[in-house]
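Structure first, commentary second.
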Amino acid sequence: MGNWQRLVWNQRDALFSGLVVTVEICLIAFACAIVGGLLLCLIRMYVRPLRPVAIVLIEFFRATPILVQLLWVNYAWPALFGWPDTFFTAAWVALALQSSGYLAETFRGGIEAIPRGHREAAYSVGMRPMLVFRRIILPQVALSTAPSIVNQFTVIVKSSTLVSVITVQDLMFESQRIVNIWYEPIEMLTATAAIYIIIVFLVSTAGKALSDMLRRRFGIAAA
Amino acid sequence: MSEVPTIRVVDVHKRFGSLEVLRGVSFEVHRGNVVSMIGASGSGKSTLLRCINHLETPTTGDIFIEGESLCFRGDAAGSRAPRPLSEINRMRRDLGTVFQQFNLWPHMTVLGNVIEAPNRVRGLSRKAAAQLGGECLARVHLEDKALEYPARLSGGQQQRVAIARALAMQPKVMLFDEPTSSLDPELTDEVLGVMRELAADGTTMIVVTHEMGFAREVSDRVMFLHNGLIEEEGPPDQMFGAPKSERFRQFIAKYLY
Amino acid sequence: MSETLQQLLDISIFWEYRTVLLRGLAVNFYVFVCAAIVALSLGLGAALLRVSRRRPLRALGTLHVEIFRNAPDYVMVVWVHFVLPLLIGTLLHTRFELNPFVSAIIALGFVYSGYFAETFRAGIEAVPIGQIEAGRSCGMSDRHILWRIVLPQVVRRMLPESINQFISLFKATTIVSLIAVPDLMYQVSMITQQEMRPLPLYTGAALVYFAVILVASYALRAASERWRNKIFA
């Protein structure tokens, strides 16, 4: 099994740079997905005239497979909008779109779950809607939807493996490139699979611990 | 008494971790007896009933169903091994249990609930089981609800279905674990009424209950449990009319003002 | 821009290739059904392991779930298609090849068995213990109780959650296009290489999936609501 050293360990620089790209794409996509999801959710719930648009967009992003969205954003959008200009951008845009659809629905569920009385109590002491939203609604929604948000991040990480298809040099791309050179796929692909599984496992465990801690700290879930 | 007692409990102890709930209970129940077990919460009466159908395993002691040991299987060499689950299941067929929470199976109709065990445990054909089921439902006055789902019935009706389900196995003993404690007061009468009819028919019954009226009027024998022991037992007139132990006196004082 | 708009609205190209594209969609369904069968069976097995009374069995179930739930679909498909045949080949001392259909079904089946296992486990643990005790009190064996009392309720209770996972699985079948299984996306890619008109083709593909999944999810949800209301009214 000295093969492991030759085939995997010696390539660690390339793999590491691929991992960096993966992490970058996932973080950017995650941040945009949260913003986008929140935007879509608020428009759907509070901006009457644009409601149908928001609903269609949300359903569209949720119902189309991520691979389809990646290819569509990468090949069709530049012709339509002249943007994205790089594969990297297309990658995180597509990932963000997919997750923003799910997060929009998650946020909507969280907002609707807050008892009406909370809002009424806030209005009764003279708080304006924006303040109510920022100080009463948003924190509770953040806490109750924390597990779903963490879950969505793991989905982004898992979906990011597909960006190699549009030649973004993430971990999967580097791994397959090396396999194509040496053609000894066993060690490299197994190692790659193990790395991804471990990363996703760590992310979901850490995320769960974080959200549990936050919820306990703010008194929502009992330990 | 030449006849083998239907149920014989011999020095049963039950411990949960460091908590000893039953501290040595012994009694016999013969065919046709109606025995009520009363006592405060935590006195061990439910645990005792659950030992009789082996939902709980006694820590020490034994229980005999018509002379056959429930907990141990004796072999020719005279040594005793714990009875395996398959044989316990065989013996459970002769015990019918009615639970406080009814525990009807929600995805089956009323009739489905009643015939499930006769059909698949005793091996009756579906037709024979359905016939038997119909008769049992008639005994609890619910034959018209046979094709309903449990969720649509009231608590009292569900409990009566549970009684029919237990009867359908034609058990030697009917065990009742606080059958009316989960029911609204208006609904307890219909269930107690059915239980009275069963007693009048000669069904052997062991009933854990808080309904003192039932205990007094329907049972042949009342057992008062306290702290895991039978504090006092005897015919209801004697028990309620002239209570011997102080604790029992205090207990019934709360119920019979 | 107007030329691209015109190109976009030129659905005719989609129409022209409709037979081959529909056949591709059928392939997606075929892979979906087979993978779903694998995923449900393995998922049920893993869930039963997870609720077992014996610790080594529980550990085994947890291991299965944690590995496959956290594995990216694409990575698993690639691994099963390229690595597994080599491993089996060395074991059997022959050259072994896996049909890409089979690779996809195995890979997606295992990955989604992780999700279904958790769904089943939650459903099993949600069945009130009293119902199981009622079964035991009649002398029912644990196996009888599992199949006649517990699992029917698990299926009904976990149906909405399962529908979401089925839809995810269906969406995941597009990955098979990357190992040369002729599904819808594969056909689209082939046609694009020929016709060099990505806009209507990729947009059209997206719309097809959108339509299929939208209709399917509404239909499935409506049907499951009606079925569940009968019992959990």
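A, B and C are the chain letters, set down in written order, and residue numbers restart from 1 in every chain.
Basically, a residue touches a chain if its C-beta (ideal position, glycine included) is under 8 Å from a C-beta of that chain, and two chains touch if they have at least 3 such contacts.
Not measured: the values here are computed from a predicted model.
In terms of which chains touch, the assembly is arranged as an unbranched chain of neighbours.
Central chain by Cα centroid: C, whose mean Cα position is closest to the mean of all protein Cα atoms. If you average the CA atoms of subunit A and of subunit B, the two centres end up 56 Å from each other. The distance from the centre of subunit A to the centre of subunit C, with each centre set as the mean of the Cα atoms, comes to 21 Å.
With each centre defined as the average position of its C-alpha atoms, the distance from subunit B to subunit C rounds to 47 Å.
Subunit C contributes residues 4, 7-8, 66-67, 70-76, 78-79, 82-83, 86-87, 167, 171-175, 177-178, 185, 189, 192, 198-199, 202-203, 205-206, 209-210, 213-214, 217 to its touches with subunit A in the complex.
Chain contact summary for the complex, subunit B toward subunit C: residues 53, 55, 85-86, 89-93, 95-97, 99, 101, 103-107, 116-117, 120-121, 149, 151-152, 162, 165-166, 169, 175. The part of subunit C that touches subunit B in the complex is made up of residues 128, 130-131, 133-142, 144, 148-149, 152-153, 156, 230-233. Every residue of subunit A that touches subunit C in the complex is listed here, in rising order: 59-60, 63-69, 71-72, 75-76, 79-80, 154, 157-162, 165, 172, 176, 179, 185-186, 189-190, 192-193, 196-197, 200-201, 204.
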